[in-house]
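Across the two complexes that follow, chain A remains constant while its partner is chain B and subsequently chain C.
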Partner chain A sequence: MNTKVELRRPKAPSRFKHYLTAIILLLLLWGSAIQTESSFSELFHGLPNMLDLLREMFPPKWSYFDNIFDAMLETIRMALVGTTLGAIVAIPVALLCASNLTKRGLIYYPARFILNLIRTIPDLLLAAIFVAIFGLGPLPGIFALTVFSVGLIAKLTYEALETIDQGPIEAMTSVGANYVQVFLYGVIPQIQAHFASYVLYTFEINVRAAAILGLVGAGGIGHYYEITLGFLEYDKTSMIIIFTLVIVLIIDYISSKLREKLL
Partner chain B sequence: MMNSWHDRVQKPKKSRYRWLIYVALVVVYIWAFAGIPYHGIKETAGQISRAILTGIFSPDWDYVYLPDGEDLLRGLLDTLAISILGTVISTIVCVPFAFWAAINMSNSRWVSGSGKMVLSFIRTFPEIVMAILFIKAVGPGSFAGVLALGLHSVGMLGKLFADEVENMEHGPVEALIATGANRMQILWFAVIPQVLPGFLSYTLYRFEINVRSATILGVIGAGGIGTPLIFALSSRNWDRVGIILLGIIVMITIIDMISGAIRKKLV
Partner chain C sequence: MIEINNVSKTYPGGTKGLNGINLSVAKGEFVVIVGLSGAGKSTLLRSINRLHDITEGDIVISGSSITKATGHQLRKIRRDIGMIFQSFNLVKRTTVLRNVLAGRVGYHSTLRTILGQFPKEDIELAFQALDRVNIVEKAYTRADQLSGGQQQRVAIARVLAQEAKIILADEPVASLDPLTTKQVMDDLKRINQELGITTIVNLHFIDLARQYATRIIGLRAGEVVFDGPVEQATDDVFAEIYGRPIQQDELLEEAAV
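Then we have the complex of A and B:
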C-alpha cells in the first residue's frame, strides 16, 4: 500500500542543472579571484590604511568650497549642454531605429546596430579619447556626454516610439498628410512627454558623469580630485565628495519631481 | 460656418505660467552655452581623429596576444574578472540591505526609510572615487577595482532587490505562518523562491553595467583594460587605441547578448 502511494508521487525535478550551474559559477569566481589577485587577507591588512584615510578625511575642509564652486557650475553646464546636444541628435536617430516609422529593415537594423555599438563605450573612455583629439578643457567632456546621451536617449525613445498608437498616423496618412505633417501632428504629441522625461533622466546621469570626467582632463570638478589627492589633502577631497553628493541629490530630486509631473 | 467649427472643437487650454517656464529655460541655456570656452581646440584635432579612425579600421593585430605579459586578451580577461567578482560581492552584500529597505519586511516606516537612504547614498557615490579610496587601502591593481565595484553596485542592486521583495505575493507567506513555520522557514520556502528569478535577472543586468565600469577603472590604476588604453592614448599609439576600443566593443556586445538571452529565459 505504502509503496503505491510513493509511486504516485511526482518525482522532484532533477537538480543536476543547478549543481552544474553552481560548479561553473564557483570555477568562474575562483578564476576571477586568481586573475585579479584578490585576497581577503590583503583587504584585512589594508583596512587600517583605509580607516586612517577616512580619519584624515574628517572633518572636511569647508573653506575649500570657494575654490570648487566655479568648477561645480562648469560641471552642471557641461551636463546641460551635453544632454541638450545629445537630445537634438537623438531625435533623427530614434526615428531611423523605430520599426513602425522606418518601414525598411534595411535601414532600422543597421541603425540599431550602430546605436548599440555607441552604447558600449563608457563615458569616461569617450572623454579620454576626445581629450586626446581636442586637448584639455570642458569641450571634449561635452562631446563625450553628447555621444553618450545620443546612445541612451535614442534607445529609450525608439522603444517608446514603437509602442505609440498607430491610429492617428493612419488617419493622417489617409487624408494625404506628408511625412513631415505626420511626424509633427501624429507622432510628436504622443511622444513628447516620454521624450522630455528621458532627457531629464539622462541629464541626471550626465551630472554624475560630468563630475568625474575631470579625471581624464575633460573639465569640471573631477579635476580637483587629482589635485587634492596628489597633495594628500584628503580633507579637501571629502569636501569635493560631499559637495558633489549634495548637488547630485538636489538635481535628482528636482528632476524626478518634474518627471512625475510629465508622465 | 467657420465660427461653428471653432465652437465645436476648442484648443486645449494652456497654463498661464507657461511663458515663465520658457523664459527660465532660455535664461538657463544662455548661462550654459555662454560659459563654455569655445577656443582652445587643437589644430591637429582633425588629423588625430583621422588617425584614430584609421587605427580602428587597421588595428594593431599583434597586440591581441603577446607571449610576455600585457596584451589585449589579458587586459579584457582582467576586466571581466573584476566585473564578475565585483558583481558577486555586491549581490551577497546587498541582500540584507534589500530586506532592510523593503517596506513589507519591516515593522516601521523608519526602518525601511533609513535603509533606502543608505542605499541611495551609496548609489550617488561614484565608483571611480571609491576606487581611488580603495587604491589607498590595498594599493593599485585589480583588487581595488573589485572592491570599488562591489561596494558601489550595492546601492543600485539593493534598491532593485528591495523593489522585488516589495512586489512579491503575500499569500505563500501567510500560508506558511498559518502552518506554524518560523521566520527562517518562511524566508526559505515562501520568500526566496518568489524573488530569486528577479534577483538573478537584476544581478545579470548589473553585471552588464559593471563590465562597462570595469573598463574605465584602469584610468586611475584600478586594473583592467583602461590602463593600456590610457597609455596608448598618451603615447599617441593610435593603432593600439583602435584595437583596444575594438576589443572593448566586441567584448561588451557579446556579454550583452549572452546576458540578455539568459535574462529573457529567467523572467
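Then we have the complex of A and C:
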C-alpha cells in the first residue's frame, strides 16, 4: 500500500560557467583600457576643445557647396561602377563557393578561403594599395570598391544559394536540361531577388566607403575632407559632412525601399 | 517500353536500396508501385530516369540503355520521361506559364534558353497543357500563390508540355487532401488514357492504388514481392507486401473520415 514514490529531479546545472565568462570579459575590458591608456578624465579634459571645434564648424560655409558638388557626384559614380563590376565578378565566385552546386570540396573550400581573405582587407587599405599601383584619382578607388563588393556580394549570395530549394533543380534535371539550363531555370529564379537586394545593400555601403577613400588619394569627396581639415577650415568641413549625410540618407532610403519591394 | 533488368542499388553505407529487380512495363500501362516507406519505391522510380544511379543491372527505355547513356544522349532520354514529385518542385517565385515552359528547355539550344525566347508553338503547347488540367486561367499567376493541388496540376502540365512518353509520379498526392487527391489522380488517369502515356505512380494508399491502377507492383525491402493485374491484388496480397494486415490509415477513404 504505502509504496514509497521516489521523486527523481534532475540537478540544476552549475552556474559556474556563467560567472567565469563574466569575469574573463571584465578582465579583458579592464586590460584593454589600461593598455591603451584610455581614461574618462581625458575625455572630460578634452571637452572644451571639442566645443571649440563645434563652434568653428558652425555655421557651415554653404557657398562651399559649389566646390564639392562635382566631387560628390564622382563619389556616387565610383560607388555605382565599383558595385556593378563587383556584382558581375561575384556571380561566378558565389557559384564556386556554394557547396550544393559545386559539390567538390576541393573547389569550394579554397574558393571560400580566398573570399574570406578578400573580406579581411579593409577598403581603405585596398584603396591605398591601388593608388600605389595606378596613381591618384578615382580609378584606384573604383577598383578598391570592386574588390570589396566581390567579397560582400559573393559571400551573401553563396549563403543564399545554399539555402535554395533543391526540388526545382531535380525537376529540371528530370526534364532533360543541361547544366546551364538547370541553372537558368532551377536556380536563378530562386536567387535573383536576393541577389539584387544584396547588390543594392552593397551600393549603400560603397557610397559611404567612397566618401572617405579620398583620404588616401583615391578620388571622390574624401579628398576635400583632407584639404579642409589640413587648412583648419572647419566651416567647410561641416558643409561636406552635412552634404555627405544628406546624400547617404537619400540613397539608403531609396535602396531600402527598393529592397523591401524585391523580397 | 521500360525494361528493368536485374537492377540492384547498394548505398555507400552498404545498405541495399534495390535488390535484383526485373520488370517490364508496356506502352500505355498505368502501374502503381506500393510498399512501406523505405521499401525502395522512390529509389526505383528515380533509377528509371537516372536521378539516382544504380550499382548493378541495366535499365532500357524504348530500346536505349539509360544506364550507359551520358551527356547529350542521357538528356535526350530524360526528355521523354516526365516526372511529378511529392513536393511539386515548381519554382515558386516564377509564373505558372514559365514553370510549364521550363518543361520545353530540353528541346532547345542553351543559347536559346539563355535568351528565354520560346517559339510560339511552345507557348501554345504550354497553354494546351494547362487547359488539360483545367488551370489555364492561372497562367500568369506566381506559382507560390496557388494551393497545393493547383501546384501539382501545374507540375502535370509541365510534364505534358515536355511531351513525355512516360510519366513517373513519386507520391504525387502525399501532401494533398482527399478531394484534391482525387482531382490529381483523375488528371493522371485521363492523360494516361487519352494520350496513351505510360504512367508509373508510387502510392501508399491501398484503395487509391486499386482504383486507378491497371497493374500493381509491390515492393518490400528492395525486392518485388507482387506483380500482377489489379484484380489479383487482394487484401491478403497487400498484407504480404506490407508484412502485416492492412491498417485503417492506409485507406484514403477511412483516413479522410
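Note that in this section the second predicted complex is superposed on the first by the 248 of 263 C-alpha atoms of A that agree within 3 Å, B and C clash if a C-alpha of one lies under 4 Å from a C-alpha of the other, contacts with A are read in each partner's own complex, and residues count from 1 in each chain.
Note that in this section a contact is a pair of C-beta atoms (placed from the backbone, for glycine too) under 8 Å apart; a residue touches a chain by one contact, two chains touch by 3 or more.
The structure presented is a predicted model; accordingly, all values stated were derived computationally and were not measured.
Touch criterion not met for A:262: it reaches neither chain B nor chain C. After overlaying the two complexes on the shared chain, residue contacts for A:91 are found with neither chain B nor chain C. Touch criterion met: A:168 reaches chain C, while chain B stays clear of it.
In the superposed pair of complexes, A:186 makes contact with chain C only, with no contact to chain B. Once chain A of one complex is fitted onto chain A of the other, the partner contacts of A:138 are limited to chain B, with no touch recorded for chain C. In the superposed pair of complexes, A:74 makes contact with chain B only, with no contact to chain C. Counted by residues of chain A touched, the larger count belongs to B, out of chain B and chain C. In the superposition on chain A, no chain A position is in contact with chain B in one complex as well as with chain C in the other.
By the touch rule above, chain B contacts chain A in their complex via residues 28-29, 31-33, 35-38, 40-42, 45, 48-49, 52, 77-78, 80-82, 84-85, 88, 120-121, 124-126, 128-129, 132-134, 136-139, 141-143, 145-147, 212-213, 215-216, 219-220, 223, 226, 229-230, 233-234, 236, 241, 245, 248-249, 252-253, 256. On the side of chain A, the complex with chain B involves touching residues 28-29, 31-33, 35-39, 42-43, 46-47, 49-50, 53, 73-74, 76-78, 80-81, 84, 116-117, 120-122, 124-125, 128-129, 131-139, 142, 208, 211-212, 215-216, 225, 229, 241, 244-245, 248-249, 252. By the touch criterion stated above, chain A contacts chain C in their complex at residues 165, 167-168, 170-178, 180-181, 184-186, 189-190, 193.
Of all residues in chain C, those touching chain A in their complex are 49, 51, 72, 75-83, 85, 87-94, 98, 102-103, 105-106, 110, 113-114, 116, 155, 158, 162, 168.
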